[in-house]
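Two complexes are shown next, each including subunit A; its partner changes from subunit B in the first to subunit C in the second.
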Partner chain A sequence: MNDLLRKKDLETNPTPRVPICLCLDVSGSMNRIVGGQTRDTGRKAFIDGREWNIVEGGVTALREMIGGVNLFYDNLLEDEVARFAAEVCVVTFGGSANLVIDFANLDRQEGTRQQKISNLTAQGETPMGEAVNMALDCLEARKDEYKEAGVDYYQPWLVLMTDGEPNGSEAEFNRAVSRTNALANNRKLTIFPIAIGEEADIDCLAKFSPRRPPLRLKGMNFKEFFEWLSQSVSRTSQSMPGDTVKLDTEGIKGWAEL
Partner chain B sequence: MPQENSLELLDKFVKGYKIFIDTSSLLLQESEKFFQNIVPLLEREKKSLILPLSVYRELQKLANDPAYCRQKHGNNPELNMRAIRACKNVVRLHQARLVEVFADPDDGDFADNVFLHVLTKKRMQYDMLLITQDRGLASEATRIGKENRAVHGMKKILVQRIGKNGSLQRIIDSKATPQTDSEEIPLNERFAFTKEVMQIPGRLPVSKIPTTGDSVTATRNGKTKPLRLLDELGRGGEGSVYKTNIPGYVAKIYNPEKITRLRYKKLELMLTKNIDCEGVCFPLAMILNQRNEFVGYLMRTASGRDLGKSVFMPMLLKKYFPRWNKIDTVQLCVTILKKLKYLHDRNIILGDINPYNILVVSPKEVYFVDTDSYQVEGFICPVGMPLFTAPELQNQKEYGLRTLGNENFAVATLLFMIMHPGKPPYAMQDGIGIKENIISGEFSYPFGERKTGKVPKGPWRFCWSHLTYQLKSTFYETFWRNGNLHSEKKRPSTGYWLRLFETYLESLKSGKMSEWDEEALLIFPTRFKKDRNKTYAKCKLCGKEYDEESLEQGICRTCLSDGDKYHCERCGREMIYTNYQKYIKHAKRYKICRDCYEKRNTIWNRRTCKNCGRMFEITLGEKEYFDKKGFALPTRCENCRGRSQATQIHREVRTPVQPTTSSVFDWIRNFFN
Partner chain C sequence: MGGTLNTEWKSICCAVQGRGHAKKNLPCQDKVARLEENGVQVIALADGAGSAALSHYGAQCVVNRATAFIGDRFFDLIAQEDGRSVTLEILNVILQALKDEAELHDCALKDLASTLLIAAVGDGKFFLAHLGDGVIGYLNEDGLKVASIPDNGEFSNETVFVTSANAAARMRIFKGALKNISGFILMSDGSEQSLYNKRKKTLAGAVKRLMHRTCLIDGEILMPQLEEALSSVVASNTQDDCSVAILARTSAQLPPLDALPMSERQELFQIRGSHALRKVSKEISCCDKICELLKRPLTLRQVARRLYVKRLHAKKKLRRLLKAGVIRKDNHCYETVSC
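The block that comes next holds the complex of A and B.
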């Protein structure tokens, strides 16, 4: 990431920022087929804590998620205000926690964004705690940059999506839980914990979010979720920092099992 | 007032006060009598009356240009004659050294502002008397006097007018200084004051919400007119706006849950007054559906882009108004202020002033929308944005009835954000949060001796620097917690702001400001305003003018920290070879970034020399070098290798400006040993 321009944007663009962390599960299980035509190979494998049938063809949960994230970006870029207000950071967890895209103005990320998102692969375990900690670290760093430059910002958002249960370090998990709880209770962070599919551990997700219970994605409605998320960001960026943003609860029905 | 006392009073003023006199008083017939009274006193005390040059210029203009005179004061031939006489009087008194004329180049041609400026500037030093017939000017001057007593306690500022027999009289009751000129507005345009919030519960029954193609009725004061709704123009949380078959007029039709008794009563009240201000899309008539049920209101069509999506976003400002300069943003403030003043004078409080309900077509064409939410009498405006909410209303559960003082905070914020496009006044380094900063009154921009060092980074400090002295002073005193205009009742009114912005506009248009400083017209200046006490020189690199003392070897600070951008050879990260390194330090350009440099100097492996048996180290940098060349890693230490001269190892030595660890030096020393 281009550090000089990343900071320059903070100086010249007065728009109060909406920082959003996407913390996404790309563990092996996200390779599960969720649609399309498949052919069974007859082979089996033990991945990410359980046994799987190996098939050819089909559409994976990961592809659906990637489509959703790219749609999210496209929608924000189309909105004249959100384009200059939203700042997105993408952290994934699959085998290890990875910072895929660090915070910056959306236009700055645009050059490599699609490639970085589309090239995500799913593999390995689910180190959720590590990833949440990494996301929070990025957020803290960006908040420090906001403060250093004198830029106003809205309460940051953390979107945490998983289809399984965390199996990284327990200490990291507990640290992440206590950090998100402290932030959320002080109204310094809005957390959207989203469970993908039936096997996602909703109790674990709930631990991260003291104020907002986790929601379960309806089928593979990633598109609907990210559509809703971008609209919420647009609405927030047209309010003023400090306003209580009312989320479109009616819209949630389009993507969540309530 | 008997003649005796009047003369005594005059005597007291001449002895103890600096006396200023305004055009409006000089133009009076009675001023002749006034001069007869005061001249002997002035002669005796060897004192003089003080007159700004702009007042004299105005008199001259009125005397020499009958057309101008007509334009200013209507068809009044006598006035032209009086101006001629006043001119003669001034010249005569000036020759007798009984009138002192002074010019203040900063203040342009608008005399009112010169007075206010001088009164503000000299209030620590002198007791001052202003003689004027202008109630607006008088009320502003009285206010400065009141503040002065409250803050500094000592010097007096008095305002008097010339009365019928040439004696001085009070112009304003000193106990009440109205913030608006509302007393002069006819009753059929002015709403009353109330202290009670109107509460009317319940919805009104409505059988059908009309839509495109439906016939409706517009009604006001018993008169009705049939209308038809055409295309839907927009939809919001409250309802939809439709074109109508009358060009230039649109109808807002509410959603059923918004059709309440309270809203009906409020609109009913709004329609009792003649509110007619260009660009303010005020309700003009109620709209009834075919069953004569209340469903919405009629208003004039608005157009343009809202401030939030144009002026308040520098990238969009450039996109939609590419030709704008400072004259345009200042003109925009004037246009907006005139509308605000119109409404305030009629006791209408907008309540929810924000960048999304002000639409801009051009600096002179602006539309105010969502006017049905304005506060009139007991009907409050229930919404508002924290950024525009005064400190005393922050964290209140409900807004309730707003005061003009509350509203004037929003006005100041809006003006600040036009002059610093999009930047809120309380955005600052190390800020806690919008609400918290507003409550604590932590204003970071510098004024006078006070500097916080927390002004946000970017062009904002330059925008601030280029404002006029009076604007800076007024923003500062309004926003800073210890400022003398900070508290609710003291915040500057729209009328006060209007004078300041009109003066600014005049001086920008006259070319005086850009003559002195070529960046005066830039919406985003790139440096501070030029200071009259400093010498300026051009930067060798960018050619812009800067304070000579701030240049280093003829180069400005901006250029020094700028430079050639290139990429680290190792990791590709962007690096900058600054002009400081290049021209001042004469340092070489590093090939790799600091991180890579440090990483390369870490020890990758320790091994024993095949020759001498001593331990030696291979750094990560060396390993990368050998790998790249396709060489095997060395098995002998540098000494032994040097002796055999088998390989010439090229190593990059990067001399850091400030070495971080002594090990770097140790490494270099070892390398050359």
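The block that comes next holds the complex of A and C.
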């Protein structure tokens, strides 16, 4: 204890927050097999806009993505600053847009987070516009809560991951594109559009991001991507007024192609 | 130019490196300065921009030039009615100094970017200027108040600097009569974390204690204590550098030594034990007596004579009070810090 400053006479302001929304494709096509041993059942099905061979076994793109998201959380929890600064929200789109995990301090989410993420299933169409709008609404609502509570915050991040092309409402898609463009152009949002696999519609993703081109994940390098993302969050959470947080583009090369 | 010598105000300022900069082995980018000149006391604080490579040089240049300029032109500046011209005059002077500094380091002006906070008092008047984040607070008869809140952008790592294009429009200046104001504090955003409530926009109670100690304890003794407090307490709540600059004078809110309760005097004299004990209370009374005597400067011989003790004994007592910082020694004379 210091004689000059007593703890009881000091203020405790909350750590400035980095709000991050993960907007994840869980449409039927995310059940595609990306690794492991499989056995063909001989059956076929028309799911999420195309015909698929049904197999048994193997590892799906969804499982790989879930592994990446859990790693992202684990890395943030291990970082002494990011643990208290990062706030993550998860919105999925598969059949409909769903808010799976709302914004909260990471420690507070910890009790139910793994179960909620692990229980994700891939089904239905790809209502990307609806999901991006939901993600932006969540970000706006969280910023209002920060302002109300006197909590400082950094520019919010939106990570949009898809393996296909949007097939929800066109009006919602256009509204989402116009909102993300306005925010990104005014430096009010950092958006990372990520294409999963060769079939993802990179042109559609590009419409959401006027300042940064979409990135295509090399193979199924979810882990590398989320590792990079958590390190970037950590750097941002330690930045100070006037700091320009440069994203480590060298680090991107390992997991994505421009 | 004019004014009477303003000796009743005391000032102290200190900046310490934050944990973030220590980890990266970067210099402390918070800089502070104080100056007493022509009956004017000035304190200044600048927080160098994290993104600017040489902002520690910039911030030092800004506080040096700002204190010198305000010290020199205080009475002219507060006499002006047009606040905009005052703002421009200050920024022009600072930018000129930064241009010279940029030449010296062969860098761009923006590499020297920093915020700026100034407080100055003289002849019953005050002047404040604030550009960027950080807080300016003051103390009057009603307690601690905030004069200027942080000017951040929407996001945590955004603010405005002396080198920003919109600096003149964003700079806030204040002037007025001191009346019952008895303290000012400038703090950087790192110190804000512990000394300012961002939600309520109020100052922490600790600020009043810092102002009070500035009045009661000699700067040379207080300085290492303040540095230790910033390093071990304030800097532990943030990654950022932490700095404060304080101007204070005794008042009803910041009472002089002889108006304090016995427990506080005992703490200031650094006497241990319960003051219910006769030995302790006797020691406190002795210190009280010496501080009372030293409201005007006296030599060791004069103190010993007035206390009816041997010089060696008086010297021992004086040494204790010097160590506590409640008296100071100038040439061969001793004097109480807060009269």
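Just so we're on the same page, the second predicted complex is superposed on the first by the 242 of 258 C-alpha atoms of A that agree within 3 Å, B and C clash if a C-alpha of one lies under 4 Å from a C-alpha of the other, contacts with A are read in each partner's own complex, and residues count from 1 in each chain.
One rule holds for everything that comes next: a contact is a pair of C-beta atoms (placed from the backbone, for glycine too) under 8 Å apart; a residue touches a chain by one contact, two chains touch by 3 or more.
Keep in mind that this is a model prediction, so the values were computed, not measured.
By the document's definition of touching, neither partner reaches A:98: not subunit B, not subunit C. With both structures placed on the common chain, the touch criterion links A:11 to subunit B and to subunit C.
In the superposition on chain A, contact is made by A:81 with both subunit B and subunit C. Judged by the touch definition given at the top, the superposed model places A:150 against both subunit B and subunit C. In the three-chain superposition model, subunit A touches both subunit B and subunit C at residues 2-5, 10-13, 16, 81, 149-152, 238-243. Within the complex formed with subunit A, the residues of subunit C that make contact are 18, 20, 47-52, 55, 113, 115, 132-133, 152, 154-159, 161, 189, 192-201, 204-206, 209-210, 213, 225-226, 228-229, 232-234, 237, 239-240. Of all the residues in subunit A, the ones that touch subunit C in their complex are 2-13, 16, 81, 149-155, 188, 236, 238-245. Of all residues in subunit B, only 308-309, 312-316, 354, 356, 385-388, 420-424, 427-431, 433-435, 444, 454-460, 565, 573-574, 576 touch subunit A in the complex they form. Residues 2-5, 10-16, 80-81, 84, 147-152, 238-243 of subunit A touch subunit B in their complex.
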